[in-house]
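Got a structure for you, questions after.
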Amino acid sequence: MKNFTSLEDVSDPLGLIKKAASHKRNPLADLELGKGKTLGLIFFNPSLRTRMSTIKAAQNLGMNVITLNTGNDSWSLETVEGVVMDQGNAEHIKEAAAVMGSYCDFLGIRSFPSLEDRDTDYQETLLKSFKKYANKPVISLESATLHPLQSLTDVLTIEDRKRKERPKVVLTWAPHIKALPQAVGNSFAQWINAMPYDFTIANPEGFDLSTEYTKNAKVMHDQNEALKGADFIYVKNWSSYENYGKVGKFHDWMIDQNKMKLTNQAYLMHCLPVRRNVVISDDTLDNEQSLVIEQAGNRVYAAQAVLSTLLENN
Amino acid sequence: MKNFTSLEDVSDPLGLIKKAASHKRNPLADLELGKGKTLGLIFFNPSLRTRMSTIKAAQNLGMNVITLNTGNDSWSLETVEGVVMDQGNAEHIKEAAAVMGSYCDFLGIRSFPSLEDRDTDYQETLLKSFKKYANKPVISLESATLHPLQSLTDVLTIEDRKRKERPKVVLTWAPHIKALPQAVGNSFAQWINAMPYDFTIANPEGFDLSTEYTKNAKVMHDQNEALKGADFIYVKNWSSYENYGKVGKFHDWMIDQNKMKLTNQAYLMHCLPVRRNVVISDDTLDNEQSLVIEQAGNRVYAAQAVLSTLLENN
Amino acid sequence: MKNFTSLEDVSDPLGLIKKAASHKRNPLADLELGKGKTLGLIFFNPSLRTRMSTIKAAQNLGMNVITLNTGNDSWSLETVEGVVMDQGNAEHIKEAAAVMGSYCDFLGIRSFPSLEDRDTDYQETLLKSFKKYANKPVISLESATLHPLQSLTDVLTIEDRKRKERPKVVLTWAPHIKALPQAVGNSFAQWINAMPYDFTIANPEGFDLSTEYTKNAKVMHDQNEALKGADFIYVKNWSSYENYGKVGKFHDWMIDQNKMKLTNQAYLMHCLPVRRNVVISDDTLDNEQSLVIEQAGNRVYAAQAVLSTLLENN
């Protein structure tokens, strides 16, 4: 593994999941592995879980961590090639990435999409520039289109909790008041497609995710129908991919206990943060079938598996 | 000790003070105690002394530290139960606290009052929610109503410097240009009441602190009278508790050398930051009787005593 | 060495350069030297390279690091003596420096000039106040007038790459859209004057640096003439010292390949960040003669030499 920015970077996904499970059983077993190594975490956008869990994972491996909030702590970066830099951006990604790479052994990058222009967002210019210029392994801390640390966590959680070999996993769109990225949905689809699960995606018409990630997954526009017999429900809002960035006002897609009754006593998953009583009802989040806190806790071990693999490979 | 958010959390205050004194004599004696343990510090408000001294204390015990500035680094939190979260707050404290708790062994929380509504502030909703949902020991880094790390420091400083068994300690209100919390005053009163000192509080009429914390302490509205014979003067502004949040314009309550002459060559204490020539005069702050820098330095050992006790107990 | 805020603080510059070169060869050789020691980094202005490289240097020596962004993380500071502090600044540098000094073994301070009043900037009030009140060694992370960590890096880079004993080093002004400090230029001149190099400074008329730092260096106002036969070109913009803070609009001073042809196949240096095609052309920055990334990488070893020297001396 050279980078961790997509499932496509991972040669052995099952091995990575097993490694995460092993770190979960014994988080401090490899406290010497990262000694003298430095993880740089560069945040172009805010972060709570990703920030804290990735720092914790690095500390569990004895690594040093340097965090940088672009904007607050430093400059804004230019990504266009050949431009005359006489406007707001004080530094080009070419220099910034190369310099950060020279100070760190691995670089984690968090960079959200604008949700204004689909082609621009899906080109992943910032992440690709870091991969091109940093000369060090790059870890996505959520990019414009994917969130692989979240998905690795999600699969680890399902593997931990599944009650049958081939559980029915339903990714369902749910309402939200703001335009959110498709990254978590895309990435979940990408990873679940690689697992031996029965996978269904439910979303309103006009809110299909890119087929680049959903591939052969069953996509349904009737939420109730999709939820039937589900063993796991993964709830997430995203803005429209087709009508790019459009917010969907389908309040009846909120997940509540009535919808949970349609399932096979499904476990509830969500990547957090979640707006209560907008995305999921209070009683559903507070129900014992909810795995959202356990799932967030697993973020540490997913990040730790990625870091320990990179430490062993690089 | 399960938490450290008030004197009431401390079963053995004298033992804790002794432990702080022991850390002061030999700060690095327990460098292995916190190995592999993580302290999360969550700042809802700015901090200099509390931030730096608590980080230093954790490092003296070999702990890892993760700091998070809410707002800059992450999201704003909802604390009301049962609300439909379709407004500004993107995450509920229920999830945020539980998740942060899962990443850290202890959580430090700094959260100031609004000074707009007394009942709301004195309910300490944010701090209580963290205690309820984090599933880990919670340390107050100054809450809406109390600042126990400061008070433990203050008592440590008095114990270090006292020239008699039962010194006269005077907490005196002093002027300030802005509405400040009552937290330091409340907390100082709470802790000093637990010590075998002669304790007097001096403040203008209309500026009495809550009797919940002042208890049986002598409260005087004549500053000069109160200062007579004092061995320690603890200077601090607070806005009104009665007329909640009101700023007091009593410039003649500033502490200067003339007032110090009324005392028994008292030591001067203040929690800092202090506005010079508004709260205390330059010559008084720069006088050798001033303990303000030594007192701030003691913050490290107070925090270290709390952390080492929690490490031993949890 | 008691502080590191100017070349004048350094008794043995060549020894310091050798130490930096030694850290570069073996960065982790002194991993135990800083054990239990704390470096405080106080940023009054944003920073990328200085922040990351100095943290990395401290970690290479096993030190703990506490970073503080004034403004975001804490308060703004008053530096004037004797003032009645009833305005915006909530704390005086006297207390802040003393307190920070009590929490840390060394303090790094970053503080840019206002570029509005030359006398005020060149008095270096903030840096001098820290040296006066912190009671601990102070390291400049770039002050109003000097940037010695950068200059030590620059000399290390030249020593590594020089192809003759007495290379011709040209510091050339180049255009920029904003008013920038003279600190890098001043500091480079100060250090290069201490080395056995052939040193020339090229800048437009009206943009001479202070003779306090340029001393006997040759100052030329014809850039092409100055570049002839250069072995190293150090490119940097600064606003006017004479007409204090004035921006120079001399676009023909941009460094491009035509200008590089005048040199003795010179190496290109710049402290970064650099605005491409404003200060230096794309093809010149991307040319193999450019040392800018290597130079930025050397920041770690310069900082490490300063820290290890302070650790040994204090």
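All chains are identified by letter, namely A, B and C, in their written order; residue positions are counted from 1 within each chain.
To be clear about the criterion, a contact is a pair of C-beta atoms (placed from the backbone, for glycine too) under 8 Å apart; a residue touches a chain by one contact, two chains touch by 3 or more.
A quick note: this is a predicted structure, and the numbers were derived from the prediction, not measured.
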What pattern do the touching chains form: line, ring, star, complete or other? complete
Subunit C and subunit B are one sequence twice: same or different residues at the contact, by the over-half rule? different
Whole-Å distance, subunit B centre to subunit C centre, using C-alpha means? 39
Mind pulling the subunit B residues that touch 2 or more other chains? 72
Hey, which residues of subunit B end up touching subunit A in the complex? 36, 38, 40, 64, 66, 68, 72-75, 78, 82-86, 90-92, 94-96, 98-100, 102-104
Residues of subunit C that touch subunit A when the two form their complex: 28, 31, 43, 46-49, 51-53, 55-56, 59-60, 69, 72, 177, 272-278, 282, 285-286, 292-293, 296-297, 300
